[in-house]
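One structure, as structure tokens, below. Some questions next.
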């Protein structure tokens, strides 16, 4: 079954049922990114048990330069 | 009956039962001062109906220079 | 006889024999300008008695805005 | 014969006939000081040939701290 | 006579909470050598608004009304302050007492966060401002140059803001001109009154040249050797700064530019010798 | 109306070469959008002295006397300058021509040492000053804040000195306040007029607060969006600065000091909560 | 060779959250011409702490870990920031994501209140700091010179404060030295790191001379013509400023005082001619 | 150990009268608590040039050579000064005595015009410089920021100029940065050494960032609580300022600019709440 979610601000249609599956589908190394769902942090260990729902707002971030 | 109250920070013993009586006993013109009881403003019109209790903290103020 | 002189930095050929004549030939009111010859001031009263020579440098100035 | 001279601003009576003798009488190493007479520098080599006269102003200086 | 010094009435373009104000100099009433000098200074300043306070009355002194009578005789609008209050609760109660005594809903709101610098506690200030605006006060918050605090105060309903120039009584002038300039830029339409830290007329003029709407001061006048003349000096400087702002200041340049015309300079082009 | 802005007449305490001067603002006559605006600006400034120059006249234009008529109609004293002169010789001849044309022995002596900064050549300035004083001129030297040059100029017979604030036309204000202050301290009795570099009324007020006797400017008024109003702004600021100087400015402090009395602060001593 | 420029190791007197830090220069990792230049600049700076961020990863780029590897190779401690967060909620979630990614509980907490000035929202900052400290973070708040905000942040559990010098990226240096000085005086024992607005080594040295404990910067190095050499310049300047603070700066004087001894001056007392 | 503080040797790009100089810090030898501290400070400064003077010798003391021996042992070049001289004649004779004693034709030429400000008498300075150059001296004139005096001194044969920052011993730093900057711009190829008035390493760094070639100081080191460490601090700051000048400082901006990249900011575009 397909869901429309927002990943890093962009609308995406996905078959992933959980946050963990979504991260995997995007081809990210599990330990290479951190995630938030609808504005709240979701720890790596909780992604498996975090189901996705329609219009969810997902943030997937990685290390970057900073000042 | 006598009460110990604090008027402008100084301990005083008074027979006044209400804030209005206290103001009068101190010889202040009713309209010449403003009052607060235990940190809260008491409007002129409410002094009559404002009883005093032991250790009450009363502020009686008047106009002064300011910057 | 004709002379080449410099008036306010511009080469001019003149028949004037004196500074006074030169000022007159240029059509300046006698009292409307002040003069210098070869870097030195020439008072109004001395213009008549100030002969011109070839290549003389003459300044003829008048009042102007200043800061 | 005795002369009154000023050495470094202080009046002194000396029997020295020359600047060189004066420097020696004061016990200065010949090369340890530099000299001036009445406001003008006197090189080391010229002290011998520099006679003293009454009221001469002699400066005898040596190295010191500076900013 | 210097007390005749200028307090030009300018177009009443300044409006505070809907009240049109003629003078851009707001003056404090404290620290003067005498009540008489205070009164004359207010007149010399041409001030239309003066700040006052409430203080504990003593049965013996009973002096409050005497002062109030004097101020009333000056025919100026009074703005009570909450000077010395350390908490929103103290400031709120003090504002209410002042409103009852002075019969005005204007209040210069001070919530002091530090006894050494007497600087505003922006957190307590915002909290007190919200409460007092809810109680119907017209709040004039004594604040810093902080842009965000200014925005929150305005959003809370403050129609006027009073950023400091420097800590009260220091007379240091504009401690952070850069930040004040950006505050002015960011609030083009909110009346901004520079309050506290002004020590000399040139400081006040500089604030006005930046486009601030008015200046509130006290110590610099009251503690001058001659307060009355100093009041007139500030009035003139503030009028001057405002006029300069409206008349369009020249651009500052890095390199010199002749004022007297270069064209026609005598001896030009001749060998300079 | 802003052109009605203050130019308070102060006690004519300022005396220049024995001439008592009522206004402490000296104004240049160049760079204005029109002669009319220049004339109105001089009036708005309340200036009693204006600076002028001499320039090469052309047979065609013959415009010099027209300008002079206009200035004459202003009933102010004119001070011709030697702007643009690069050598003492040029300055001396120019001063003589100006004296004959304007009928005054006052001269603002400029000997320019550098075309970029238009700054005084102190060496040429001193030489020219000596010569002109010998010729009976009253010399107003345009100089820097240099103490020693100032001393030599005064010893040469200059009864007034005109140190710069910053290079001509930059409008930067007091580039070296510390040195200007020490110049003022060192010459308590010599009239000192700050000339050039003033860009805003607050700059002029600051100079006057330091105790300078007057300010001479041109560009900041002439190049303002509204020269006439700017002239009145400078007049007010200079009067303000002078009055403040006479009225005794407060001392600047490092730490805050309350203006509103601390004694009797409501809720004092109670637990702030 | 200039990359050999000094980064003297000083007694590790600086301790941040119990971690003793050898270098008083904290460096940002953004805006460099290349990762290689960034890495060399960090080395030239002798920095022991660098700031980093988290940003949205794209399936295509997948570049995050590459950057992290590079930083890891520098053997420095990383301090993630919450740059760009406009609310406590955003900052809190971002801090948590950063902690998981970088494996550190240190966070440079930014809650930006205004997109033009990028200045701290002191209200949101305090709220976010409280929450994050509750979650076990070691919070380094990017704040202003506001004394009261500083006090509340410290009371909330911030053991280090990072006041700005001027807005991020302006390079203006210390916009309000007076307020920074009083902040330092008021918090003698709290490590204070000047963060943002530093444009030149002299700015950083001035902050250290005031007694600030360290300086955090990025743009001034990354945007220099030669970032690597500029990094070494800042390292030297910060060490110099700190050493000067410890070595006791001379008192500034108003009047001159000879360095070379006056006693024994040749020709003294003789008629100078 | 802080005496280990940086004195990086930079490319010997600085050449004074054809002599290539490695350190850009010139140090005075006066006012130290002891000769030993002086010697250690010179070493800590890494100075390659120190200033000295001549003073009247007394038969009793006979101490001059002792000092000279100590300086000789430091293996640095000495530059005698003419400190305290009030006239060209005094300065000329003093310079000659110094040349004979120290065996160098280098001289720091001071002709003091005022005992309070100890400032250069530009007129006497130029006269003395001409005479001494005629006598074969390499003259290092202690002058002001005056452009014209600088030009005349250079035309007289001074290959190096030493403008002041502020009066000797005041430690005020750069009193007129604007004028110093234009002096530097106007003499791109003449070695310019900022001499006198420097009070803190940040002042010295600022001068070097402007592009000045070196700094000469004394009081700020000698009168520090710990002169040796302060010497090392100045060495580091001067190296830092020079390196920054060579590495190209960022442009100062009026408005903020993010250092951390904006692209990819988490939660961007979501409703901030």
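To keep things simple, chains are lettered A, B, C, D, E, F, G and H as they appear, and every chain counts its residues starting from 1.
In the analysis below, a contact is a pair of C-beta atoms (placed from the backbone, for glycine too) under 8 Å apart; a residue touches a chain by one contact, two chains touch by 3 or more.
As the structure is a computational prediction, the values presented were derived from the model and not from experiment.
Novice: Could you give the fewest steps needed to travel from chain B to chain E through chains in contact?
Specialist: Minimal hop count between chain B and chain E: 1.
Novice: On a CA-centroid basis, which chain has its centre farthest from chain E's?
Specialist: When every chain centre is compared against chain E, the largest gap points to D.
Novice: Of the chain pairs D-G and C-F, which one is connected by the greater count of C-beta contacts?
Specialist: The comparison resolves to C-F.
Novice: Name the pair in B-E, C-E or D-G that forms the same interface as D-H; by residue number, over half of the contact pairs must coincide.
Specialist: That interface is repeated by B-E.
Novice: Between chain A and chain E, what is the gap in Å from one C-alpha centre to the other?
Specialist: For chain A versus chain E, the centre distance works out to 54 Å.
Novice: Centroid from C-alpha atoms only, then distance chain A to chain B, rounded to Å. What do you get?
Specialist: 64
Novice: Nearest whole angstrom, what separates the Cα centre of chain A from the Cα centre of chain G?
Specialist: Roughly 34 Å, centre to centre.
Novice: Per the centroid of Cα atoms for each chain, what is the distance between chain E and chain G, given in Å?
Specialist: 35
Novice: Residue numbers in chain B touching 2 or more other chains?
Specialist: Each of 8-9, 36, 39, 59, 61, 64-67 in chain B touches at least two other chains.
Novice: Residues of chain F that touch two or more other chains: which are they?
Specialist: 28, 30-31, 53-57, 81, 83, 89-90, 93-94, 97, 116-117, 119, 168, 172, 218-219, 258-261, 264, 266-268
Novice: Residue numbers of chain H touching chain D in their complex, please.
Specialist: Result: residues 28-32, 38, 51-59, 62-65, 67-68, 71, 80-81, 83, 89-90, 92-94, 96-98, 100-102, 108, 168, 218-219 of chain H touch chain D.
Novice: What does chain E use to touch chain C in their complex?
Specialist: Residue list for chain E touching chain C: 258-261, 264, 266-270.
Novice: Please name which positions on chain H make contact with chain G in the complex.
Specialist: 2, 4-8, 10, 28, 30-31, 53-57, 81, 83-87, 89-90, 93-94, 97, 116-119, 167-172, 199-203, 205-206, 209, 218-220, 222-227, 229-230, 232-237, 239-241, 243-244, 246-268, 272-273
Novice: In their complex, what parts of chain C are in touch with chain E?
Specialist: Touch list, chain C to chain E: 8-9, 36, 39, 57, 59, 61, 64-67.
Novice: Could you please specify the touching residues of chain G with respect to chain E in the complex?
Specialist: Chain G reaches chain E through residues 113-114, 116-117, 119-123, 126, 144, 146-149, 151-152, 166, 172, 175-176, 178-179, 182, 186.
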